[in-house]
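As written, the chain order gives the labels A, B, C, D, E, F, G, H, I, J, K and L, with residue 1 at the start of each chain.
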Amino acid sequence: MFPKDHVYKTVEITGTSSTTEEAAIQNAVAKASQSVRNMRWFQVVETRGAIDEGKVTQWQVTLKIGFTLETPE
Amino acid sequence: MFPKDHVYKTVEITGTSSTTEEAAIQNAVAKASQSVRNMRWFQVVETRGAIDEGKVTQWQVTLKIGFTLETPE
Amino acid sequence: MFPKDHVYKTVEITGTSSTTEEAAIQNAVAKASQSVRNMRWFQVVETRGAIDEGKVTQWQVTLKIGFTLETPE
Amino acid sequence: MFPKDHVYKTVEITGTSSTTEEAAIQNAVAKASQSVRNMRWFQVVETRGAIDEGKVTQWQVTLKIGFTLETPE
Amino acid sequence: MFPKDHVYKTVEITGTSSTTEEAAIQNAVAKASQSVRNMRWFQVVETRGAIDEGKVTQWQVTLKIGFTLETPE
Amino acid sequence: MFPKDHVYKTVEITGTSSTTEEAAIQNAVAKASQSVRNMRWFQVVETRGAIDEGKVTQWQVTLKIGFTLETPE
Amino acid sequence: MFPKDHVYKTVEITGTSSTTEEAAIQNAVAKASQSVRNMRWFQVVETRGAIDEGKVTQWQVTLKIGFTLETPE
Amino acid sequence: MFPKDHVYKTVEITGTSSTTEEAAIQNAVAKASQSVRNMRWFQVVETRGAIDEGKVTQWQVTLKIGFTLETPE
Amino acid sequence: MFPKDHVYKTVEITGTSSTTEEAAIQNAVAKASQSVRNMRWFQVVETRGAIDEGKVTQWQVTLKIGFTLETPE
Amino acid sequence: MFPKDHVYKTVEITGTSSTTEEAAIQNAVAKASQSVRNMRWFQVVETRGAIDEGKVTQWQVTLKIGFTLETPE
Amino acid sequence: MFPKDHVYKTVEITGTSSTTEEAAIQNAVAKASQSVRNMRWFQVVETRGAIDEGKVTQWQVTLKIGFTLETPE
Amino acid sequence: MFPKDHVYKTVEITGTSSTTEEAAIQNAVAKASQSVRNMRWFQVVETRGAIDEGKVTQWQVTLKIGFTLETPE
């Protein structure tokens, strides 16, 4: 349960990584944390990637990230 | 019809309330109005909630809210 | 392929035009470029419009627009 | 279970109300009943609304309404 | 290919049958043909049914039916 | 915002054109206006077409069109 | 209309048959009736099957089945 | 955040009420609590209803309800 | 379970029949088997049809068909 | 109506153009016609594009294209 | 291909883990196996997680799990 | 941005692996590269798997894979 009567905002972020899907997610969350405070949850929206010479060379994971809306943004 | 050639932005906000679904929506709109001007419309995206001892104890309603994009954000 | 390990943000913008669907898209992109730098791609989410006296009098096109997230927003 | 081998038609109606979501639904059903007989069920398709000065000022609820198709329409 | 520059309308009809799914579709089309002329195609939207004592006792199939819009309806 | 407590109906219409996608939309709206009064908005549901000898020879655009439900239809 | 203020539960069941799609549905309903009482309706969720040597050799139909929730399960 | 490494199960329940949408939700939750312990959250999946003589006479709300899976069911 | 570490390809095929929905599916599978080997499963994507003089005169069923990708195609 | 008991295959193609959305569609169809015979219809699946310096610089339209499956491919 | 004419049931389970997405899936399957016999397959429905201080601190993966329905449950 | 006015084709491939989800993706891409040249990107469409004795024993990941359509296939 969320704390009483709080309000949340969701943003959509795409992280990338040349190594793994989970690294792409961690990169997205780490980068977003530089400008957004009070992040609480994420949801995977889409997993894509780039292919070069028959190998996956980049993971691209799009997340919805939710955070508490406490002060005017 | 929207005014001629205006441009709009949509944000996704989740409001919560311990009383009713509509209070959760009003809370979301009221909170968003502190930082976003010129809000024009909303659309309900998802209605969820928390349960405790066989009762709904919190409503969580996610909205898309549209507003006129008049000045650099 | 995106540049190595960059992170992107997506925003949802609705452009309008009294002339064509593509003008509505160009208006949305041009307006967003006043406040968002490093826009890279868009995706059409919805095409709607207004009707008056049996004619289309306004096009309203909603886009998702992606841009590189390089500095705290 | 529906009566044996009846046929039904579904129409899409949007009701509005300045007070509550349920009033918007009741308005849609009441208005439709002036021209459609034998309405049997509804399903909520979309809930939207208008915002003015940080408050919800209008509810707009779109319903699918099903009715028995007994006579040529 | 449709004939040059014709315009079509789609209606949503639910047919029922106590025997088979296809009988429910044929019932829907036959009933609709009493009030709609120039029907051209259909698409199955949903297949449901009623159960009684561990057996399917009724098929309910919802169709979209398209027809040529040649005269004011 | 819609006028106070009005009720709207949505119909689904497919327009066709041998020239452009927008002509197909204008054809759908113009044809519908012969039998439906007070049309207010449209939404593009699907864009299809016919191909002959490696060229698009017909555009088929399906719209939802909304109109004010003022009198028994 | 359901009886006054009853509560229903939905389960998801996949029936199979080597003969027809409808036999797969009847098998699912008959099997479920051995452990679930008061089944009221079903909805087809997905139709799949197996292929062997260019022929359909098995139908697999997934249903949602609804039943009255009268006693603690 | 959920407690560390717990596992949850989701069931789908439809509550009904002759009065309001929220009463239908409360009925679904109250009834489910008789047989399911440790319910934690719900999500509204669908809102339907019955119509009689131009009025909504029953609300039918389908929920997904999640609960902690602590003991063999 | 699929055999260890195999790879599969899915193609989308529409079969037609003037008699039944299942004949349209069998036609699609039989025709595809002339050019595709090792077909394993299918999934129904869409069921449509043609109407003439108030009767269904053709069934059109679109399938996804999966097959083992053993040799360069 | 399709010719009697024919079978069709659908492929997914993305066309691009620096000028208009319709040019991207025509490019996709023209290119596909070099390797696929008997193309009959298309459906727009997705419209995307690239942005550079606040302008749309490329249209990317993904189509499903259907063609008659007359000979082993 | 499933064994001849068997019937299957699907349940929806959410597993959590503080380490990886795949651990969350393995936790869900292991926990479900304590009360459900004859599990055969799973499908990932949703991947979410919790964030704390700019890091993913919990993975939450929702699965549909299918099992053979051999005895009254 | 794609190179100027190129055309792309998308195919749907399912890779499997007894070890991890990412191995299933790499297997799909590696196998497809034996018959398809110029692969550029992929998108995860579905993640499924097999269960045996309470453990995940096989990962099955379905991808859409896009490649440049340069020569008649």
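Operating definition for what follows: a contact is a pair of C-beta atoms (placed from the backbone, for glycine too) under 8 Å apart; a residue touches a chain by one contact, two chains touch by 3 or more.
Since the structure is predicted, the reported quantities are computational estimates derived from the model, not experimental observations.
Asker: Taking E-G as the reference interface, which entry in D-E, D-F or A-L shares over half of its contact pairs by residue number?
Answerer: Equivalent contacts to E-G are found in A-L.
Asker: Same or different, please, for the subunit D to subunit E contact, judged on whether over half of the interface numbers appear on both copies.
Answerer: The interface is built from different residue numbers on each side, given that under half of them are used by both copies.
Asker: Starting from the Cα centroid of subunit K, hunt down the chain whose centroid lies farthest away.
Answerer: F
Asker: Per the centroid of Cα atoms for each chain, what is the distance between subunit A and subunit D, given in Å?
Answerer: 38
Asker: Need the CA-centroid distance for the pair subunit F / subunit I, whole Å please.
Answerer: Subunit F and subunit I have C-alpha centres separated by 33 Å.
Asker: Which parts of subunit J, given as residue numbers and ranges, touch two or more other chains?
Answerer: Subunit J, residues with two or more chain partners: 11, 21, 32, 50.
Asker: For subunit H, which residues count as touching subunit G in their complex?
Answerer: 11-18, 27-28, 31-32, 34-35, 50, 52, 57-58, 60, 62
Asker: Which residues, counting only subunit L, touch subunit J once they are in their complex?
Answerer: Spelled out, the residues of subunit L in touch with subunit J are 1-2, 4-11, 64, 66, 69, 71-73.
Asker: With touch defined as at the start, can you tell me which subunit D residues reach subunit B in the complex?
Answerer: Spelled out, the residues of subunit D in touch with subunit B are 20-21, 46-51, 53-56.
Asker: For the complex, which residues does subunit J have touching subunit F?
Answerer: Touch list, subunit J to subunit F: 21-22, 25-26, 29-30, 32-33, 39-44, 65.
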